[in-house]
Each structure stands twice: as structure tokens, then as C-alpha cells.
Amino acid sequence: MEPRPLDALNRARDKKVIVDCKNGRQYVGTLRAFDIHINAVLDDTEERVDGEVRRKLGTVFIRGDTILLITPA
Amino acid sequence: MEPRPLDALNRARDKKVIVDCKNGRQYVGTLRAFDIHINAVLDDTEERVDGEVRRKLGTVFIRGDTILLITPA
Amino acid sequence: MEPRPLDALNRARDKKVIVDCKNGRQYVGTLRAFDIHINAVLDDTEERVDGEVRRKLGTVFIRGDTILLITPA
Amino acid sequence: MEPRPLDALNRARDKKVIVDCKNGRQYVGTLRAFDIHINAVLDDTEERVDGEVRRKLGTVFIRGDTILLITPA
Amino acid sequence: MEPRPLDALNRARDKKVIVDCKNGRQYVGTLRAFDIHINAVLDDTEERVDGEVRRKLGTVFIRGDTILLITPA
Amino acid sequence: MEPRPLDALNRARDKKVIVDCKNGRQYVGTLRAFDIHINAVLDDTEERVDGEVRRKLGTVFIRGDTILLITPA
Amino acid sequence: MEPRPLDALNRARDKKVIVDCKNGRQYVGTLRAFDIHINAVLDDTEERVDGEVRRKLGTVFIRGDTILLITPA
């Protein structure tokens, strides 16, 4: 069976990831959940702008359509 | 069963949340309702721009496609 | 049963509301109708830009995808 | 039965309306047809930019996703 | 039966039309085909920018979501 | 039977076409495949910016939603 | 049978590709998976901005709606 993109997200579950958003913000935290719209939930999240931590946010629900990419941290 | 992103929103129901929108506005209030489009209703809502309270709005219906993220306040 | 976002709009029906749009315009009028796309119809509507009344418009059909939020006036 | 937004457009059929578009253009003409996407057809249409008539266009098909609002002229 | 917006496009078939696009470009040619997404095919097409002919293009397939309006030339 | 827009693309299959994209880039190559989203595959592709060849790309998959128009080269 | 655009992506599977995104970023890596939304997963990925490597990212999930084109590297 061909691999599917969401399999890669599944392997990243409960691991630390970087989420890059369309507005240039970056969220770094533990990937707890996602769905087919790529809505995602992170725990222990840091918001970074230009590489600098701007906010510590705990649990964050990120709407999928704002996400550019997700990669292991 | 795998956790789903909307479960995280469900746990935030009736609690104080921050909603960050694509235009830079922020809404802080009690999350009363949401749906699969991430349309959301807040009570006792403050609108903040650049961290400053700009309006006190009571109940607010926010259209889901303008939302970037939702996080506990 | 969990409350749904459109319930909040339903409670605002026939009441005066503020509709904030993505282009910064604001419409203040009596909410007469809405649908799942958040297309909305207001009566006795004032269009405001930067808080100033710019046009008096009577009945207005607003396309849902231009709407940021709806809140009681 | 609850009123629906398209009922308001239906009442405006064959009457003169103003259509405001997302790019700031305005079309003033007789509303002949519309559909659920808010695609609209006007007759005897004037295109206005900043309140000035720029073109006289006769029949115009306007794609719904460019429309902000429709209001009686 | 109520008229529908695509009826107006159907009457323009095989006639010369102006297609205004969201990026300010204009295509003037003979409307040969369209579909529910408003994807359109023109023959003997001129591309105009600021009213000046920029390219002569023959047959052009225009993706519907870039179209603002279609009107007889 | 009425002609449909995708018929025009079908006639362009295996011929040289110009694909204009929303960001101003232009791709010139042999149209090998397309689908209802107007996702398109070109072979022997040149990328042009402001009329200048910027890259020679061989086979290119172009996501449909970035495409403005397709026309024979 | 007519070729389809996703066939071209399938032939690129497990090969090195360039993914151009709407924000000007470029991802170069081994294409491991994609779906009908053109969500894509690359391995051994380099992020390039203006032709310069900016980040080495390993596995990356790229949301399809940010992608302009995919081409063999």
C-alpha cells in the first residue's frame, strides 16, 4: 500500500514538532492530535516569531488552513 | 481511539480562551460553542489589538475561517 | 445537547447587531436572517468605517465569507 | 418558518440594486438572477469606482465570491 | 421558472464578451464554453491591461476563480 | 451537446501551451495531463518571469488553484 | 486511458523533487507521499529561500494548498 501524508503526521504524534504558519509565526510543541483538515493540537507550545520565543501557550488548537508545514523539532 | 483536535476545544468549553485571528485581532472570553468549521461563540469577550483592550463585546460569534488558533487564557 | 454557534445567532435574530467585515467595514442593523454560510441579512443598516457612519443602507445582504464576527449592538 | 438570506435577494429581483465587490468596485443595476453561490446577473449596469461611473455595461454576470453585499439602490 | 445566472452566460455563448479578472487583466473574445465553476473558454482573445491590448491569444482557458465578471463586448 | 471548458484543454493535450499563474510566473511546455481541479502536468517546461526564461524544469506538476489561464503557445 | 496529473507525482515518488510554495519558499527532498489535496511528505528536506539553504528539516509534511508546483530535482 502506498504511504499517505497523514501517516507521517501519525508517526509524529506525541513527539515535539515545529508548525510553520502562513503568517510567519511558528509553533513548537508536542503534537497531540490532527485531522484531515490538518487542524492540529499541540501541548507545551512556544510561539516563535523570527526565531524568538514570543509566548508560552500550553495547549494550542491551530486551524489547519493557516499551516504551511509540520516537521519534527 | 486517537484523540481528535475538536476534543481539545471541547475540554476548553465554558473556560476562558484566547482566539487569535488572521487580521491580528485577539478575542479573550469564555468559549461557549464551536462547530466543525471552527465557528466559535465567546461570552464576556474582550477584543485586543497589539495587547491593548479595544472593545468589550459580550457575546461574539466569530466566523471560523478568520481564526488562527485557540488556546486557554 | 451541546450548544452550537448558530444558536447564538438565532438568539440575536430581530435584534440589533454589529457585523465586522474582513475589509474593516462595519454594518450595524437588525439581524433578520442568516444561513450556514453565515450569509446575513440586516435591516435599517448603517455602514461604518473607522467608527464613522458612511452610508445608510436599509436592507443589506452580506455574503458570509466577508464576515469576521457578529455581536449584539 | 425562519426567513433565509436568499429570500431577501428574491424580494430584490427585478429591482435596482447596488452590488459592492471586494476590490472596491460597485455595480448598480437591475437584479435579474442569482444562485446559492451568490453569482448574480444585473441588467442596465453601471460600474462605479469611488462613487464615479466608470463604465456602462448592460448585462453583467458577477461571480459570487467577489461580492461583499447587495442592497436596494 | 426563475431565471438563473448561468442562463445569462448561455445567451452570451458564441458572442463577443469581456471577462474582467481579479488581477486587473481583461480578456475580450468569443465565449465558447463555461461550466458551473465559471471556468470559461474564449476564442480570438485579446488580453488588455489598463485598456491597452497586451497579447493576442487565440483560444484561452480561464480558470473560474480568477473571474470577477463577464459582460457582452 | 454544449461544449465544455475541459474539452478545450483536451484538444491542447500533447501540444505546447502557456500557463499563466497568479503570482506572475509563466510556464511554457507540452501539456501532458490535467484534471477537474485544473491541476496540470507539463513536459519540457520553461519558467518565465517578465518574459525572461528563469528555469528549465522538464516535467512540472502545477497545482490548479495557482493557474489563471492556459493558452496554446 | 488519459494520463492524470497525479500519475506524474506517482512517478516522482522516492525521487528527489523541488516543491515551490506560494510564499516563495522552496523545499528540496525525497517525495515519500502525497494525496489528492497535494499534501506532500518529503524526507531529507532542505528549505531554500532565494536559492540559499535556510534550514535542513529531515521529514516535512507540507499542506497542499501552499504548493505551487512540484518538479524533479
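By letter and in written order, the chains are A, B, C, D, E, F and G; residue numbering begins at 1 in each of them.
Criterion: contacts are C-beta pairs under 8 Å (C-beta built on N, C-alpha and C of every residue); 3 or more make two chains touch, one makes a residue touch a chain.
For clarity, every value in this text was computed on a predicted model and none was experimentally measured.
Student: Following contacts chain by chain, what is the lowest number of steps it takes to reach subunit D starting at subunit A?
Tutor: Between subunit A and subunit D, the shortest chain-hopping route counts 3.
Student: Centroid of subunit B to centroid of subunit F, CA atoms only: how many Å?
Tutor: The separation of the two C-alpha centroids amounts to 41 Å.
Student: If you average the CA atoms of subunit F and of subunit G, how many Å lie between those two points?
Tutor: Taking the mean C-alpha position of each chain, the two centres sit 18 Å apart.
Student: Specify, in ascending order, the residues of subunit F that touch 2 or more different other chains.
Tutor: Each of 65 in subunit F touches at least two other chains.
Student: Can you give me the ring order of the chains, beginning with subunit D and going next to subunit E?
Tutor: Ring order, starting at subunit D and heading to subunit E first: D, E, F, G, A, B, C.
Student: Within their complex, state which residues of subunit E touch subunit F.
Tutor: So the residues of subunit E touching subunit F come out as 13, 21, 23, 25, 27, 32-35, 39-41, 45, 57-63, 65-66.
Student: Would you mind writing out the residues of subunit E in touch with subunit D in their complex?
Tutor: Listed in rising order, the residues of subunit E that touch subunit D are 2-9, 12, 22, 38, 64-65, 67-72.
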